[in-house]
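This structure is in structure tokens; I'll ask about it shortly.
Each chain gets a letter, A, B, C and D, in the order it is written, and its residues are counted from 1.
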Amino acid sequence: MNILTLFVVIPVLTVAGILFTKDLKQSRLVSAIGMTAQLILSAVLVYLYVSERNAGNMAPMLFMYDLLWFPSLNIHYAVGVDGISVAMIALTGVVVFAGIFASWKMEFLSREFFISLILLATGVFGFFISLDLFTMFLFYEIAVIPMYLLIGIWGSGPKEYSAMKLTLMLMGGSALLMVGILGIYFFSVPTGGQLTFNVLEIAKHQIPIEMQRFLFPFTFVGFGILGALFPFHTWSPDGHASAPTAVSMLHAGVLMKLGGYGAFRVAIYLMPEAAHEQAWIFIILTTISVVYGAFGAIFQKDLKYINAYSSVSHCGLVLFAVLMMNQTAFTGAVIQMISHGLMTALFFALIGMIYGRTHTRMIDEMGGLMKIIPFLGVVYVIAGLASLGLPGFSGFVAEMTIFFGAYQHVDMFHRIATIVAVSSIVITAVYILRVVGILLMGPIKDDHFLHLPDANWYERLSTITLVVGITFIGMMPLWLSDMINFSLAPLIHKLATIQLPGM
Amino acid sequence: MSSYAYTLLIPLIPFLVFVFVGLAEDKLKGKLGGLIGTAGLGIGTFLSYYTAFKYFITDHVAGTGYTSLKAFEITWLHLTDKLVINLGVLIDPISVMMLVVITTVSFMVHIYSLGYMEGERGFARFYAFLSLFSFSMLGLVLATNLFQMYIFWELVGVSSFLLIGYYYEKPSAFSAAKKAFIVTRFADLGFLIGILILSFNTGTFDFQTLTDPHGLAIASKGGAAFMGLSIITWALIFIFVGGAGKSAMFPLHIWLPDAMEGPTPVSALIHAATMVVAGVYLVARLFPVYAQGGPVALEVVAWVGAITSLFAAVIATTQTDIKRVLAFSTMSQIGYMMLSLGVSGYGGEEGLGFMASNFHLFTHAMFKALLFLGAGAVIHAVHSNDMNDMGGLRKYLPITHITFLIACLTIAGIPPFSGFFSKDEILVAAFHSNKILFGIEYFVAGLTAFYMFRLYYNIFWGHDRHYHHTPHESPKVMTIPLMILAFGSIFSGFLPFHNLVTSDGLGFESHIDWMIAIPSVLVGVIGIAIATVMYKTQNALPDKVAGSFSFFYQWAFRKFYIDEIYLFVTKKIIFNYISRPVAWFDRHIVDGTMNGIANLVVFVSYNIRGLQSGRVQQYAFVFVGGVIALVLIFVYAL
Amino acid sequence: MIDNIPLNAFLILSTLMFFIGIYGFLTRRNLITMLMSIELILNSVNINFVVFNKFLYPNHLHGHFFSLIVIAVAASEAAVAIAIIINIYRNFKSIDVDNLDQMKL
Amino acid sequence: MTLNDIMFYLFAGSILTFSLLTVTSRRILRSAVYLLFVLVSTAGIYFMLNYNFLAAVQLTVYAGGIIVLIIFSILLTSHVSEKAVVAPVRQQIFSALAVAAGAILTILTIVKFVFTPTTSPAVDANVTNVGRALVSYNRDGFALPFEVISILLLAAMVGAIVLAKKEKHLVPSNEPNTNPENPSKS
């Protein structure tokens, strides 16, 4: 069997396995085994990919497999990966793995919980391996639907409201996306002949520029909603705040990356001309996202809200970089996706663990936790420092690559946008340190907190996995950036050869 | 060239120590963590001295200049085709000098802390952070390129943050740490923008390429102009903003006094000797670019330095917290260094200011670390920072007293202590460049002598206070570093800096200009004399003087209300007028729109629901109406 | 026999009857009277069938038989409807159509 | 104007009058009686059209069967003297307007349309012909509809019985005291 297909098969088998379990212990064991297998598989994929490239395989996509499953519309199950997808798959593997261990104590309807969680993961994995727009969209929907259940059933606070809001807004995004994808399909082969959903096929042709102008905003905004593009980001704070820990992790860590990845792989790759023309609008929006999310985070009191706004800011940076449309910025965008995925998953995991102990997420009700739960405290500080872009952690690499990439544009507009975006690093520092200060430092506010237990083995496993990922990328970014760089070649080539009307 | 490859170990050992001690913190009982840290740094110190010896003496071919060489370099990240981030080790006069400074002071602080921090919770953590700081600072000075410098610049900032916030249970300590981090981070924003501009226009981060006199950076000084200055000048000004933040230059200095919340050895290491001079080092590192590519930027440096030195010295005369006095003194002295760089030219005698700046950096590191460690010993003895709680301590703390006195004389510029030599060079350089700046510095020299001796007398003279327990001299592990640093303070002035550390690598003849030196010594002596009159014995004179200048005194005491202005801007304006409205806007406008759309749908469907009333007659009515309408449309209208 | 009466007269008669039936259906609140309105409607339709048969296609008997069938259907409809009405009456103690809005739930 | 004409207008007049009375009368029982008159008049029209069999069926099934059924159910569900609740005036006006519009439209259409009768020889609708056609399965035979109708009638009969039969706990009664004198009934 094709190695990529395994990424869909293993979760499905895991789900099937969970169906036969009876209680929490069994279902979490099965999930853990399945997702560990998945993580190992991701590692194997990275290894295979790198060795294949080193062996001189220059094909744009590796491990291709193609199966026609709906002939009348020419829809294929077409899979294949390049460096970017491999990186995203590895990220997903890590985050899902950590997510399972973060929900080790999910007592309520545990079987159903793990099933939904792994279905969600299936969708995400499927999305990243797909080369066929329709199949990609299908997997995207598979990922979104369990979200509703996960938040609506296992959430906290106004969970029905949040679940509804999140799902409806994402579905709104899907609707726009559907228009975009169908449009692309119908204009995929302008010279006549069999229409196709295959990304690689479409990329060989040029979609008529009039259609691009019309379809690009649909596609970009459709993915942008998932990537928390201002002003379509409001599902994110509410959704994240209500979601259970593992879901927040997966959602912010991976699902939001679908937006960035899709915007890049579909919107920019297939419609570069329109992207060039309309980029300025979205650059303004994403610049606003970056700064605005950071400012929004300063004033929040709920830990999850803070992190959700920070995600808005960081994901804004991803889209910002994608729109800058040069190699460095693209590389930065991908690294930022991975880096933010790991960091935010770590944050949400920690928040979940802290909440599980103190039963509050309001920062002003807590204080001095560093003394009580040093392990979680230290990891929280690490996550915070990574998030504010400290060298040695992945965030720094990503942000710097983005800023330097963005600054390569010679005109004033891009420059100013870049400098405004750069200023977010200060604001980020402000809110991160504010939280760290109130939450972990200072005197202990509540005597009830005095005897809270520090992290368990599974919590340690979950967080350490993520910390290792963050530090590894932060310390040795070269291999990752080279892997991504190589895969960008077709796109860069396409960008270099497009004829820009009126330019 | 690769014969210097071992220098890689100098930063690497502290890093490994950090990782090891940091991870095994709980397991390290007693002083084990500290001993490991100290041992690691001891090796580093030895290697640094060996490197200095080798670079300046053994490997140096007489009559030639000192060249810069890369001992080690790896590629860390590709940004664009041209911009590559390397990590490496650059060996040249200033980096070797900084190696010596950092390892010496850091080693002393490591030893000293074995005594000072004894019994503190998180002793091992303290040493882990110290090692992290040493690693970052060494990485910073050994950087081969601007970006590596930025990386370590940030790391230095975070280790400073961690160390200031060492007593994290104290809210004041943490808020000081936060303030330090955020203010310097804000400055780093300038640094980063500067790097962006500079690297884009020159296509490189590498120091050797940047400072190449025929390189792009210098050659393009007349390039594209923006608001009257060339792009390179702007870049340099932005970079200087970063340096000013780290070096606590006015108006980005506000974090430094608060940073005194950290343990005293930390203040000695980070906030006196090493990290705060990073800004000076940065400008010195890019000095050829500044001098030849953007003279205007250099003028900015000079004026900011002069203003800061004056401003800080004035405040220092009014403070009562001994560590804060020293902090302002540090600012003032760094202002000197900046000024000196600012008035310097490039090459030969012109580069006197450059040499003087580095010279002063070196001597200052010695005597300021000494002062801080001495202050630490005093605090250790009386458990207070406030000089009103001190007096007559010379009997109890003889060694501390003597070393402190030496340091005070050094900073006051009294020959033959080292401060005299370095300060004299700065004054000469200023004299040749700008008479106004020279005048300011003369005045500041007097003020410096005055406030240092005010401090000295208040601590060691005057009458006894009622101490909780009789103050006693610190253990040997603390006094020996004091003695070593005192030794350094006395004799480092005789080092032939004009031959070793110069702007172009070539030595030049330097001599003491007695026309300037004698008045400067006199000014110092006058300052000391005034302080003696006012503070040696308890009398009412200080209050009278303060009273007669009450308005100005109040201003200076309140540090010219700069903190309040910042607080106003951040708390009131940013917090209340930006962040709060953004949060509100998000909740009510953006989210409100989304909810509004949802509510509209609910509203519409609620009303449409009325149509589905379950009343047959209503359905029938609509049905009939519909049929009629259809007939009208299809039979009559069409 | 009635050839001198125009076809339109019959049609207008049945139209009026039809709409009177509809009027009744729309305005009466009582299920039984609504049922009677429906009978009126059916009746008017029957007239149409018959008249068309007679005047336009006297060579066939289709309209005639259609009327017959309609009558049969009307009978069975009435039977079922009345059964339902009685059932409703038993459950709701009312056959006022306005009370019967449970359908929407 | 022949007698036939007079007869026709008489029938037409009575149909319209009694139709109106049927749908407007406040007493349900009277409505039923007025409906009976309408149906009988309709049968008269059929007679005039020479469709004797149909007229007979109309009289027996409609006037005889259905009306009786309706009257029974009225008696079962309401008191004889009870006056029907009248719909709100607004509803009446709107209905009347809609109905009037519909009627006018239809009549206009009828008037404008030109009907073209066939020229083929007529078939006499006497009982013989009707009966033959009803059971014939030739091209113009109606055996199949006839069977369908018979099944429908059967189904309706069964359905009516099932529906009208009193069933236990069809709807859980909220008012157990409705029939206190006869608890075994429910």
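The definition used in the following text is that contacts are C-beta pairs under 8 Å (C-beta built on N, C-alpha and C of every residue); 3 or more make two chains touch, one makes a residue touch a chain.
Being a predicted model, the structure only gives us computed values, none of them experimental.
Geometrically, the chain at the heart of the complex, using CA-atom means, is A. In whole angstrom, the spacing between the mean C-alpha positions of chain C and chain D is 5.
In this assembly, the C-alpha centroid of chain B lies 101 Å from the C-alpha centroid of chain D.
With centres defined as mean CA coordinates, chain D is found 69 Å away from chain A.
For the pair chain A and chain B, the distance between C-alpha centroids works out to 37 Å.
Looking at chain B, residues 617, 621, 624 sit in touch with two or more other chains. Shared contact sites, meaning residues of chain A that touch two or more other chains, are absent. Those residues of chain C in touch with two or more other chains are numbered 22, 26-27. A list of each chain pair in contact follows: A-B, B-C, B-D, C-D. Against chain B, the residues of chain A that register as touching in their complex are 164-165, 168-169, 230-235, 237-238, 292, 295-296, 298-300, 309, 327-328, 368, 370-371, 385, 388-392, 396-397, 400-401, 403-405, 407-408, 418-419, 422-423, 425-426, 429-430, 433-434, 437, 440-443, 477-478, 481-482, 485.
Partner chain D is touched in their complex by these residues of chain C: 1-2, 4-5, 7-13, 15-24, 26-30, 32-33, 35-37, 39-40, 43, 46-47, 50-51, 54-61, 64-65, 67-69, 71-80, 82-87, 89-91, 95-96.
Within the complex formed with chain B, the chain C residues making contact are 22, 25-27, 34, 97-98, 100-105. For chain D in complex with chain B, the touching residues are 87, 91, 94-95, 98-99, 101-102, 105, 109.
Residues 2, 4-5, 8, 12, 15-16, 19-20, 22-24, 28, 31-32, 35, 38-39, 42, 45-46, 48-51, 54, 57-58, 61-62, 65-66, 69-70, 72-74, 76-78, 84-87, 91-92, 95-96, 98-100, 102-103, 106-107, 110-111, 115-118, 120-123, 125, 129-130, 133-134, 140, 142, 145, 149, 152-153, 155-157, 159-164, 166, 170-171 of chain D are the ones touching chain C in the complex.
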